[in-house]
Amino acid sequence: MHFQSVFKIKSDTRYLTPLREWISSVQKLVDENDFPKKALLPCSMALVEAVDNAIFHAHDGVEDLPIEISLVLSDGSIVMEVTDKGVGIGEPVIPGPDEMADHGRGLFIIHQVMSKVESKIVDGTHHMRMEYKL
Amino acid sequence: MHFQSVFKIKSDTRYLTPLREWISSVQKLVDENDFPKKALLPCSMALVEAVDNAIFHAHDGVEDLPIEISLVLSDGSIVMEVTDKGVGIGEPVIPGPDEMADHGRGLFIIHQVMSKVESKIVDGTHHMRMEYKL
Amino acid sequence: MNIEVKQLGNVQVIECGGSLDADTVSGFKKIAYDLVSGGSTQFIIDCTDLNFIDSMGLGVLISLLRRVRQRDGDVKVVSLSDDVKTIFEITRLHRLFDVCSDSETAVKRFDEIK
Amino acid sequence: MNIEVKQLGNVQVIECGGSLDADTVSGFKKIAYDLVSGGSTQFIIDCTDLNFIDSMGLGVLISLLRRVRQRDGDVKVVSLSDDVKTIFEITRLHRLFDVCSDSETAVKRFDEIK
């Protein structure tokens, strides 16, 4: 384990930019082998999409519901987990959004940029686990 | 526990600014009650001084020796721990540096800005534990 | 996010700075849709200072595109930073939008069609 | 860290930007000590764009102060940001250094002594 962090934010989009600043600062602190520069944009994109979904779909805009963010860097992988109080994602993931649709691009982005994506319910909370393999 | 992070950096002063950026991004992410804005400068100062000491005193400039940084926010306190491979701080802390001395101000700063400071050896590694009580 | 609007002839140039995401998209939407309501159909999104865009930011650009293409207008996206360019490529939107190097080129392409 | 040196009469104004810390202190030291070797004894440290200073940064300012005070010179610190001001106060160095609101004031104070 080369880096580990876990914390909660409120369901508020004003945390999106601080989240990107946070993950960017982590990338600068740890060894390039544990978090290569080229992994920063994919991880930032996936994190933002997962948090967007927690805010709007799982928590439906209820600001006080907490979203838990976890980031673990260990040998060979970057694992982010976004945990919300929602019911999870029922439908299977659509392969790609309709080109002209103005929504439905969040999960597509997450699947495009991450190596492995899992949505699971553990103890009644929804965990979006996103792994970037180095 | 409202925030928890642990990671290692190399013994290199180029991490000082990213460390301050990191702790500042954490302050923006978590609840103001867990990490008030006014605690940011004291914590940044203490963290930088402790890392300076690990680099120059404990590791004597040997860049490859890792420094472990830990930050935990829990009810009522901000606890930072800086762990190095050195022998620890033998002498008791001097109350204040000689006004005109150009060194000896690091521990003084840490003690000034933090509520509780402990330097201890655990399993052969030196832990500088710094607590800011809210 | 910072948004500034400039006119180049009939073309509305919307300069975006910062991040166009779930947090800032409503501000962008209001400005853009007001221009559409006012009759504008030709848009340039100047991304010189835009450092990030999420799916909701992309969504609002697409819905703007749909509205103005119905009226023979277009949305051209210019001066993309490396990151924003990568995001367009990953989402394949570089094929949907006319992506130009800069505003000047985009204006010329609007003129060609007339 | 960015360092720029300007002259106001006999006074050397060292403008510091970013962070004066263990990582950047050697660059500052070289510039300042070269000026001392060249005969300068009156210094203004302009902190307008300085956002942080650690004990090693403070140490180099103090050793500069010691050197020039020996020759009846001085180091005056000006335009401190809130954070840097707080650091000076915590370390009690606001009593050791002549802290002025800006370069103009500091130059006047150098002139008074002549």
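We call the chains A, B, C and D, going by the order they appear; numbering starts again at 1 in every chain.
What we mean here is this: a contact is a pair of C-beta atoms (placed from the backbone, for glycine too) under 8 Å apart; a residue touches a chain by one contact, two chains touch by 3 or more.
The shown structure was predicted, so the numbers you read here are calculated from the model rather than taken from an experiment.
Visitor: Treat subunit A as absent and tell me which of the other chains still form joined groups.
Guide: Taking subunit A away leaves these connected sets: B, D | C.
Visitor: Given the touch definition stated above, what is the smallest step count connecting subunit A to subunit D?
Guide: 2
Visitor: If every chain is reduced to the average of its C-alpha atoms, which one ends up farthest from subunit B?
Guide: For subunit B, the chain whose C-alpha mean is farthest off is C.
Visitor: What whole-Å value do you get for the distance between subunit A and subunit C if each is reduced to the mean of its CA atoms?
Guide: 26
Visitor: How many angstrom lie between the CA centroids of subunit C and subunit D, rounded to a whole number?
Guide: The mean C-alpha positions of subunit C and subunit D differ by 48 Å.
Visitor: CA centre of subunit B versus CA centre of subunit C: separation in Å?
Guide: For subunit B versus subunit C, the centre distance works out to 46 Å.
Visitor: Residues of subunit C touching 2+ other chains?
Guide: none
Visitor: Residue numbers in subunit B touching 2 or more other chains?
Guide: none
Visitor: Pairwise, which chains touch?
Guide: Those chain pairs satisfying the definition are A-B, A-C, B-D.
Visitor: Along subunit D, where are the residues that touch subunit B in the complex?
Guide: Result: residues 18-19, 21-23, 52, 54-56, 58-60, 62-63, 65-66, 83, 86-87, 90-92, 95-96 of subunit D touch subunit B.
Visitor: In their complex, what parts of subunit A are in touch with subunit C?
Guide: 13-14, 16-17, 20, 41, 44-45, 48-49, 52, 55-56, 96, 99-103, 105-106, 108-109, 112-113
Visitor: Going by the contact rule set out above, which residues of subunit B touch subunit A in the complex?
Guide: 2-10, 15, 18-19, 21-22, 25-26, 28-31, 73
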